[in-house]
Every structure is written in C-alpha cells, then in structure tokens.
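Look at the two complexes coming up: subunit A is in both, with subunit B in one and subunit C in the other.
This part shows the complex of A and B:
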C-alpha cells in the first residue's frame, strides 16, 4: 500500500499541496482527479521523491521512501523521456541497461500488444504510438506499483481503447496503479478508487463500486456534485 | 459477449444480471464453462476485481460452481435454473407495472394494449423466421 500522510508542498510562497491524505492499495487502480494545476503531478513527483516535500510523509508498504524503493515503483510521465533519435528497440535496450527490474519478456509482450514496430524511430511515431512506447517502457519493469500521469491525454479514441485494455490484461497483473486522467469515460469501469482533489487538499475519496451500490452515483455524478456546487 | 453498462448501478450487479439473462434464454447452458475472470474483464473492459466480485456472488448464490482449479461452470441444478427465469420475468413485470401505474392507466386498457402489442411482436418474429 502507498500511504500519503498530510503532505504539504510549497513552490516559493505558493502552497500547492495543503495537507494531502490518501492511500492506494496493491492490486487496485486508484485515480487522482482534479482540474489542471491542482497538484496531481506534484503528488506523483513527491511519491517518487523527485521533488522534496515541506511536511508530511509518504510510505510504501509501511516503509519510508529510500533508494531501493525505486526497484518496486515506477513513474510513467505524460511525455516520453527517451531521446527522439532512438528507435523503439534502442530505447528498450537503454532501459534494460539502466534498470535491473527490466523484464525482457514483458517488454516483448507489450510490443506485440500495442502492435509497435521496434525499428521505428521515436521521433517519427504518431502521438498515440509515442504514448504507447512511453507506457511500454514503464510497464516492462517488474515493480509493484505503477504511477501514470495522464496516459490518455491528446490521443485518438482507438489508441485510448488500446491503452485501457492494458488495465484488464495480465500485463498489469496485481500491481497497484495510481493514475491521473481527465478522460474519465475511458476508464470509468476500470477504477477501484477515486481521489478528488481541489485547492491542494483531497475533498472526497471513495470506492467506485461502493458509490454505485450505496448511493447509485457514477464517478461523473460525484464529480459534478463536488466541483460544481 | 457485449454488455451495455450504465454508470450508476454497481458493475458487478450488472454482470450478474447479464449472466442470469444468458441462463434464462439458454445462451449459457447448464454445466457450460464460463470465461476466466481475467478473460471476462478484458472482454467487457471492466476491472478484474469487479468480475471477481460478480463471480463470488454467483458462486454464493449457487448460479455457478468451481471444482478445484478448473474453470467455473453454470449450475446444473434444475430448480435454480428455473428460479433464475422466474426472477427475471417478475423483475421485468414489476418495472412494467410500476411505469404503467405511474401514468394511471386502467388495468383493462393495459391488458388490451399488452395483448395487441404481444401479438404484433410474435407476428414480426414469425415473419422474420419465414424470411430466413
């Protein structure tokens, strides 16, 4: 389980995170939702220790983040970070050399799952295929938790469908996933838990099936209530 | 398999209802194997945890059964299969009655229209068959 306790983050004088609390379980898909600038990416960066937090704590399976934590967790940013002149094959090679948790077999499976040509250069890929390579490079690591920042943003419907299919495949297995997205319709029936953020705090968190069962509300219903009231 | 999910009922409940419909219409036969949890999740584009919950409910209700590590199967219990059909019919009639009642149509009028419509549908089905 990833536990985020009361984290506070300031950029200069501006307090972006004002005491954020939530948990995300292994084997579940947890979705962080909020308008742009609400601090979703900052939260992910904080979990990955890419940005120092001013207060609060983050624990992964009961332990504070340390160097070896990064063998168990991966962050897939919203833009690809490998060099554009590399081919897909070369970028995979790069990851293989760099990360000891790299799983060759899973990488190949993802390659065929997304129907990508390994000889193609990153620079010449469509937006949708770039997003798929980006996911491939992150998901091919043997880790317990995967953080995904906006995997659906700016790509066509069919690519989004293909990406959503990853969540039900064995390629995710029983890993814990934290995802941020604005395209809630693409994954409404896939997510276990929703964390709604506003103005630097969590304003509501709920289990999606429980919400449907107890209150008869969809994720979008709850979002309307919370953000438009 | 194709299910049109609504966003407000629990997805697992909708999955169970779907299976009941398939059983009642004999699309799924007694003793027939059903897809694994992962397969169904992938096919219906829903969370594998949700399928797990639906299967658990169906197992507890005796709708499906699992022997050791084999795939789960539809029950062969005649009584159970019969009650699934009954339940679906009652459910459909209940919602029909509720919506007709709310527009305050007299019972005799409803029955007359119902009879007429029923014959229309059966005729259409017959014509459809003879065209094949």
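This part shows the complex of A and C:
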C-alpha cells in the first residue's frame, strides 16, 4: 500500500500541498482529480522522491522509498523519459539493462498491443505514439505499483481509447495504480477510488462503487457537486 | 558497480559525436598549422639566405633551427587546445542541464533507476575525466605525427631534433598543465581537475535543488572550496612567511583536496537523495 501522510510542499512562499493524506492499495485504481496547479504532479513526484517535501511522510508497503523500491514501483510522467535519438528498441534495451523487473514478454505484448514499430526513433513519433511508448516502458516492468500522470493529455481519440483499453487488460491487473487525469470519461468505470483535491488539500475521497450504489452518483456527478458548488 | 560502468558507458556514448568533432577540429587545425608554420619557416629561410647570401649553417647560426616549439608557440597549436578546454568546461554544465531541459525529461529516468543516485554523479564525472585524458593522449600522438610532417617539409639540416620528453621540458608553463613532466605532477594537476569537476557538479546540484537560492549557494561553495584548497599557498603569499617547504605544501594540498572531494561527494549524495527537484 502507498501511504501519503499529511504532506506539505512549498515552492518558495507558495504552499502547494497543505497536508495531503490518502492511501492507494495494490489491485486498485486510484484517481487523483483536481484543477491545473492543484498539486497532482507534485504528489506523484513526491511519491517517487523526485521532489522533496517540507513535511509529512510517504511510505510504500510500510517503508520509505530507496533505490531498490524503483524495481517495485514505476512512474509514467506526461513527458517521455528516454532520449529522442533512441529507437523504441533501444529504449527497451536501456530499460532491460538497468531494471531487474523488466519483463521482455510483456514488453513485446505491449509493442504489438499498441502497434508500434520498434525501429522508429522516439523523436519521430506522434504525440499519441510517444504516450504509448511511455506507457510501454512503464508497464513492461513487473512492479507492484504504477503511477501515471495525465496519460491521456493532448492525444487523439483513438490513442486515448487504446490506452484506456490497457486498464481493462491483464497488464494492469493486481497492480496498485495511481492516475491523475482530466479525461475522466475514458476510464470512469474502471476507477476504484477517487481523491478530489483543491487548494492543496484532499476535499473528498470516496470509493466509486459505493458512491454509485449508495448515492447513485457517478464520479463526474460528484466532481460537479464539489467543484461547482 | 555494474550500473556505474553502464552509466559511464552511456554518458560517453551520448558525448561521443561532440567528442569526435573536437578531435577532428584539433587534428585538422594542428596539421594544417604544422604545414603552414613549416612552410613559412622554409620560405623565410630561402628569402633570407638569398638576400644575405648565407649558407645553411650561417642562417641557422643567426636565425635558429626549426623545432616543434616553433609550432607550439603558434595559434594553430594552442587554438584547438583552448577550444577543447572551453568545450569540456561547457560540457561539465551541459552534462547535467540537458537532462532537465528539452522535450524529453531524461532526468526522471536517471533518478528513477534502481541504483544509487550517486552512480549518476560518478558516471558523469568519470565520462568527463576520461574524455580529458583521451584528448591529452591524442595530443601526444599528434605531436609525433606533426614531427613527421615537419620532416617532410623542412630539410633535416634545418631541424633541431627534440624528443617529445625534451619538448615537454622546454614548453612554457601553460602547457605543463596539459603535459605533466612527472607522475607526481600528473596526480597533482589532474587531481586538481577532478576536484574542480566534483566542486562544479556539487554547485550545479545545489542550483538544481534550490534554484535561485542555489545559484548563490553554488557560487559560495565554489569560492569556499577554492579558498580552502589554495589556503596553504595563499597564507604563505599573503603573510610573506614561508614556513612550509614545497613538499609540506604539496602534502597539505593533497589532504585538503581529499577533504574537498569527500565533502563534495557527501553533499551531492544528500542533494540527490533528499533535495533534488525534477
């Protein structure tokens, strides 16, 4: 389980996170929702120790993140994390070289799932295909947790559909996923838990199934209620 | 260790095209320079010998032999060396900043590798150090090639043959940095270079961790590290009291250098693990 305890983050004088608390379990898809600048990416970066927090703590399966943890958790940011002159195959080779958790079979499966040409250079890929390669490099790792930052941001409808299909496949099964997105419609039915953020704090968190069954509301309904009230 | 070696290899691969350009510029400019300087000498010799009706021996007596030192005093020789030095200093900064900027945020990948983040620091430093040593080795080979070219242009009776070690003994102080005469000099000069690289890397990581405040902290760190490293010499020079023998000053410098390297590594490790921001 990923546990985020009361984290505070300041950029200069501006306090972006003002005591954020939530947990994300293995086998569940947790979605962080909030308007731009609310601190969603900062939370992701903080979980991966890519930005320091001023206060609070983050634990993954009860332990603080250290070098070995990166073989158990992966982060797929909204920009690709390999070099533009590399081909897709070279990017995969790079990952294979450093990660014990790299799964070649799964990588090939994703390659064919996304219909990508391994000889194509990263620099020449469309935005949609770049997002798919980013996803491939993250999901081909046999890890317990996957963090995705805006995986649908700025890409065409067909690529979005293809990426959304990943969430219903065995490629995600049994993993703990934390995702930030604005494009909630594509994956609303797949989300297990929603965390609504505003002004640096969690203003509401709920289980989507319970919300549907008990209150008869969809995620979008709750978002309207919370953000437009 | 395996990750460190792979990362070092990766960093060298990334720089290799620029490195080949530096090598090509050095080789081309120095060889063209050798041809021009040798031809100039021979044209001058012919003109003077004609005008003053001098024999070869008299010309050499009055105007001197041709030696590689003539070439080494020209812009053709030190120009490309200065260019390579500037290129490597630029690369010391670029090796970090290119990972943060541009379309592809490679720093995310580097910091998320399942290995100590200090390996990234060491790999970058090693890559720069190996490139420096590579350029020095190239320069030594080039000196031999330039000597052969001179022999093709200048008749043997005009040439003062000097071995490369003799040339290294005769060269001016600026080149001593490039071609240390003894192993101790090599350790001291390139050790100082390594201290400079580690100090600059730490300053860059301070900037990457604290941004604007980090610029001041980085500059401060460089000034303090330089002050500490140079303190034995500075104290002697400023006070006018030369209490220490050269050997004692060298031992002190080595000890202070080790302290600066250790503190740079410690601080960089702390910054990479606790303070760095993508």
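Here is the rule we use: the second predicted complex is superposed on the first by the 229 of 229 C-alpha atoms of A that agree within 3 Å, B and C clash if a C-alpha of one lies under 4 Å from a C-alpha of the other, contacts with A are read in each partner's own complex, and residues count from 1 in each chain.
The rule we apply is simple: contacts are C-beta pairs under 8 Å (C-beta built on N, C-alpha and C of every residue); 3 or more make two chains touch, one makes a residue touch a chain.
None of the values given here were measured: they were computed from a predicted structure.
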Inset, instruction - Quick one: classify A:54 as touching subunit B (first), subunit C (second), both or neither. - result: neither
Inset, instruction - Mind working out whether A:170 is in touch with subunit B, subunit C, both or neither, as first, second, both or neither? - result: first
Inset, instruction - Please indicate which partner A:126 is in contact with in the superposed arrangement: first for subunit B, second for subunit C, both, or neither. - result: neither
Inset, instruction - Report for A:117: first if it touches subunit B alone, second if subunit C alone, otherwise both or neither. - result: neither
Inset, instruction - Considering only the touch criterion stated at the top, classify A:221 as touching first (subunit B), second (subunit C), both, or neither. - result: first
Legend entry - Contacts of A:97 with subunit B and subunit C, given as first, second, both or neither: second
Inset, instruction - Using the superposition on chain A described above, determine whether A:67 touches subunit B (first), subunit C (second), both, or neither. - result: second
Inset, instruction - Provide the residue numbers of subunit A that touch subunit B in the complex, in ascending order. - result: 27-29, 164-165, 167-170, 188-192, 209, 212-213, 216-221
Legend entry - subunit A-facing residues of subunit C, complex: 3, 6, 10, 14, 102-106, 108-109, 111-117, 209, 273-278
Inset, instruction - Name, in rising order, each residue of subunit B that touches subunit A in their complex. - result: 5, 7-13, 38, 41-42, 44-50, 53
Inset, instruction - Would you mind writing out the residues of subunit A in touch with subunit C in their complex? - result: 45, 48-52, 67-71, 74-75, 77, 79-84, 94, 97-101, 122
